[in-house]
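The following pair of complexes shares a single chain, chain A, combined with chain B in the former and chain C in the latter.
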Partner chain A sequence: MARYVMQRLLAMLLTLFIIVTVAFLVIRLMPSSIYDDPTISAEVLDMIQAKYHLDRPLIEQYGIFMKNVLLKGDWGISMKIQPNIPVFQVLGGKVPLTLFINLVSLLASIPIGLVFGAFAAIKKNTMTDHGISLFVILFISIPSFIYATLLQYFAAYKFGWFPITYTVSDMASVKYLSLFLPTLSLALDPMAKVARYMRAELIESLNSEYILLARTKGFTRSKAIFRHAIRNSCIPVLNIVVPMFANVLGGSLVVESIFAIPGMGSLMIKSINANDHYLTIAILLIYSLVSLMTVLVVDLLYAVIDPRVRMGGKKQ
Partner chain B sequence: MRIFKATDPEYLSLKREDFKLHTREEEIHDAKFETKPVGFFKDAMLRFGKNTASIIAFAIICIIVILSAFGPMMNEYGYNDQDLDRANLPARIKGCEGINLLNGSTVLKNRRKDNLDNTEKYPEGCILDVFNETVVNGVEMCDIRIDTYIYSGYGDDYFWFGTDYLGRDLWTRVWRGCRISLIIAFAAVLTNVGFGVIYGSIAGYYGGMTDMVMMRFAEIVQAFPNIVVMTLFIMYFGNGLFAIIMALVVRDWVGTATLIRAQFYRFKDSEYVLAARTLGTKDAVLIFRHILPNAIGPIVTRTMIAIPSAIFAESFLAYIGLGIRAPEASLGVLLSHAQTVLLQYPYQTVFPAVLISVLMISFNLFGNGLRDAFDPTQRGT
Partner chain C sequence: MSKNNPILQVKDLTVSFNAFAGKVQAVRGVSFDLNKGETLCIVGESGSGKSVTNKAIMGILSKNAVIDRGEILYDGMDLTKLTEEQFCQIRGKRIAMVFQDPLSALNPIMKVGKQITETLCVHQKLSHEQAKKRALELMAAVGIPEPEKRFDQYPFQFSGGMRQRIVIVIALACNPEILICDEPTTALDVTIQSKILDLIKEIKQERNLSVIFITHNMGVVANMADRICVMYAGKIVEFGTCDDIFYHPAHPYTWALLSAMPDSESRERLFSIPGAPPNMLMPPKGDAFAPRNHYALDIDFKEEPPFFKLSDTHYAATWLLHPYAPRVEMPEELKRRIDRMVEEDMEYECK
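Entry: the complex of A and B
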């Protein structure tokens, strides 16, 4: 197990290294320059470029950047958005907010989806089942930014139940209330996916022989379902949950911009448009890091939940 | 029945006349097949035909495709005809005067009541309704519903979906945007499937070292988060049509390749492949003619299910400002523009939002129907 985790961590470092390299080269090869303000005089421009090593060849710039990163842990400073502030300090305030709405929506949607899916399977081919299935199709198909827009217009603007956009406030209740709609609009899609998959799995389990055996041995239907069927159905559901975690931060970009949440999404767009190179690299790094980490954690949890999964199993 | 051995004297003395054919003269009692044999595709189509929801979805997709091809030609406005005087006019359709969303009306709040007769301010016939009358500081105030078209001097025009902030006709732009979204989605998915099929076939068919190297490469590609790959790609190649299509393909082909590779592992050692190989069939023929057709069901299904995700991904890019270059518009670009004026001009959001939702639901239902038809064991997942 420990060996496997080490292997995965090493592979992750390698991936991150490649991502940072690609990001650095791509960003530097873009046509526009960092300092394109025409009011800066040529001398000052030269000085700035010399200070940030922008006058050196690309490969040397990359060497300097990597040396700073590896030896000093210095990822550079923000150049445009918040000048002269280290990039991770700029990011510091934004990451928790983005992480919060994404993780909360995903973690909340899984159990709710499981419950609805199980309910639909148990009540198979009744009105309940058809109703749930209809909503599942709607929630899976319609993009999250459409719900976000609808919720914002009706729940926030017309009825005034929630703040229209993210509200900065010392009172935790106000802040979390304004995060409710974005979280909800992010949660609907994974919820529907889990519900649909759970329904299919549970229906299959309910038709299997071990349930018949349990019933013949005198288990009541509900006991058979809860003791045997549901447990076995939960494991395959994990298969679709893992990829959701892989994309955990990506989904919220649009919803963040709709609700004006000052998270990583808006920062990324701003820093790309402003040519704030080091900041962009740091943001891409965080996106990759979070997604790789969550996948690793979920993979490890997989082994805990289902003992049949052997981590890093080789061919016997 | 007796069994003769080669050494038996009786066996040696058997004559030709002792043998008789068993059923040459007699009638065979097996029943003949009354029905025609049903092939794989026909079988799938029969199953598909029973799925009403999918048929309706398919019809809706056809209607949307036809409208996005011919919709922009159905009125006289071009997709980039700008006129700031007619900016932000709500939707107005002939014959829908009773429906507030479609009669070109706007509500103006807190107007002085004594001004209502002033035809310089409110042109003849533009006031449709007066309500919410109040008295504030001795002045009579009210809310009025006006015909925005007469109000801004465009009484004879009918913009079926209204106009945007530059006075461009939204009907034309929505259908043209839908066309672009569909082109992007179809092109992206076809490239994705085409590349994935070839890659997966080669990896799966040759196996061994080739497979190892190719799949490790695919794994590395997949380790990049989608959003990061797409952003970097568009940043580098710009936001033209081709760049956006490629950005959607750059990571998604891995899934197709894995699927195809699995199919090859299942079939490449079966007897019929061995037989074909013994007869001297070339690798390319074996791959594309003998093994790949086994995967046609999953490929078709995957293609149809990937289309709504591609439409979603494209709108997503538009929302974060990496959408297709102006003045061209896709559904995502239209939506992201409309989003910024949602509270003032909600009608600008309504039409593209409804269209994209209907499109996605239809494609999902259609894809599910196809999957159930090609692979009935997967039903419901």
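Entry: the complex of A and C
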């Protein structure tokens, strides 16, 4: 197991290296240069360009960047958003906020989705099932920023249950309360997806012979389902967690702006618009790292749930 | 019907399914007795209602199934009227079932040991250690080598035949009185088939089980049965002892089934029954087999034949046995086959 994890971590480093390389080269393809302020005189501009090596060919710039990263761990400085501050210092306080709303919405949506999906499957073709399925379709087909707006308008503005935007406060309760709506609006879509998959998988399991066998053993239907079908149905559901998380990360870019959360999402949009390239690369790196970690965790979970995966490689 | 004491009686059982297109009449008034210690084979082609009959006995019909009529009497109870809770006291404990496909009957992600012991823990309230001990004994008894090691393995580490043995262990765990085998060898290859059949015979003898054996393989029937029910289109068309059915078949459907059985002597092209079974959404009037029956009489298309008695043990539902019916003999080729079978049996017994 430890060896497997090490292999995966090495592969992850390689992936990150490729992502950073592609990001570095592709971002430069965007029109307009980093410094094109007409009020700066040509001499000063030349000096700035020289200082940041912007007058060299792109490949050479990449070489310098990589050398700094690998040898000194220096990911460059922010040029526009907070000039001359190292990129990770700029990101510092923002990463936890973004990770919080993304991971909490993901982690909360999976069990809730499983419960609703299981419920719909067991009550297949009843009003309960139709009701759940209706909401599932609604939540999947409408993008998260629409709920974000609706929730903000009704729950926060009209009824005043929650703060309208992110509130900085010493009181943790106020802070987390203001993060509730954005987290909820991000959680609805993954919740619906998990419910949909769980329903389909469980219905399949319910028709399987091993459930019949469990019933012939003398279990009631619900006991047979609980002991034999639920865990089996969770395995395929795990498959969708990775793409789902990528989706949540994407959604949070917009949702953060709606609720004025000073997280990575809004910073990323700002840094791209401002041509703050090193900052953009750093943000992409964090997003990639988080996604790759999710993939790794999901793959390890497979082994925990499914003995066929765990023992597949072993000799009998 | 029988002078023995029946352990299970099915009377006029009628089961239908509410399907999208209407009511599918899967079982239409089936009656039979299962005597203590005997093996009753139910034969018939796919869709003849064999499995549905037995699922009704086990109380595991799917949700859209309705028992319209009839009763299943066991130990003074009518199984069709039990609540789910009451049924759970019988299933697994007193009536157990072996499934067709051992590859899909076991939970793929649960250790086989646990799948065996959970029955014991539910019904006999054994402790974990006691249950394990009993499971290991049973595993050894059905011929699973190294039961200690196998106990902690998963189904995917077993071969098909070994998995079927595990399914049999699960069925036997609580010492049931009745064992229902729903085509237990269909999914296995031929060499394993005979081993599993021998195993079922052996445990039946040892434990004095009463067995209902469902199959469409006449070869298996000959090997296993004490008595045979032949089913077609949701009805029993002929029943009798093994000898009655194999040596003196009376219903044209039984003739057809026996003619369609390959044997090593025949030189002719193997007989196949023309046409397809009727659509059970609208079962035909009269004898359901009539449209495919070479010997069908006019009345077969109008009225259902009652059972005619051939001997104390042997009954068949065909108008051909009516005193007014024209005398029809079974096909020549089948007669020759039966003569050969009788000869072979004699030789076998002389040896």
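The rule we apply is simple: the second predicted complex is superposed on the first by the 300 of 316 C-alpha atoms of A that agree within 3 Å, B and C clash if a C-alpha of one lies under 4 Å from a C-alpha of the other, contacts with A are read in each partner's own complex, and residues count from 1 in each chain.
The rule is simple: a residue touches a chain if its C-beta (ideal position, glycine included) is under 8 Å from a C-beta of that chain, and two chains touch if they have at least 3 such contacts.
Here the structure is a predicted model, which is why all the values come from computation and not from measurement.
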*Just from the overlay, do chain B and chain C fit on chain A, or is there a clash?*
fit
*Roughly how many degrees, to the nearest 10, is the angle at chain A when you join its Cα centre to the Cα centres of chain B and chain C?*
70
*Figure out whether A:237 sits in contact with chain B (first) or chain C (second), or with both, or with neither.*
neither
*In the superposed arrangement, does A:305 touch chain B (first), chain C (second), both or neither?*
second
*Who does A:218 touch here: chain B (first), chain C (second), both, or neither?*
second
*chain A residues in contact: does chain B have more, or chain C?*
B
*Touching A:264, do we find chain B (first), chain C (second), both, or neither?*
neither
*Touching A:90 in the superposition: chain B (first), chain C (second), both, neither?*
neither
*State the minimum pairwise Cα distance, in Å, between chain B and chain C in the overlaid complexes.*
6
*Return the residues of chain A at which the contacts from chain B and from chain C coincide.*
none
*Mind listing the chain B positions that touch chain A in their complex?*
220, 223-228, 231-232, 235-236, 308, 312, 315-316, 319-321, 335, 339, 342-343, 346, 349, 353, 356-357, 360-361, 363-365, 379-381
*Where on chain A does chain C make contact in their complex?*
208-210, 212-221, 227-228, 231-232, 235, 305-308, 311, 316
_chain A residues touching chain B - in the complex, by the definition given at the top_ = 15, 18-19, 22-23, 26-27, 29-30, 137-138, 140-143, 145-146, 149-150, 152-153, 157, 164, 196-197, 199-201, 203, 246-247, 249-250, 253-254, 257-258, 265, 268-269, 272-273, 284, 287-288, 291-292
*Residue ranges of chain C in contact with chain A within the complex*: 58, 60, 84-85, 88-93, 96-97, 99-101, 104-111, 118-119, 122-123, 154, 156-157, 167, 170-171, 174
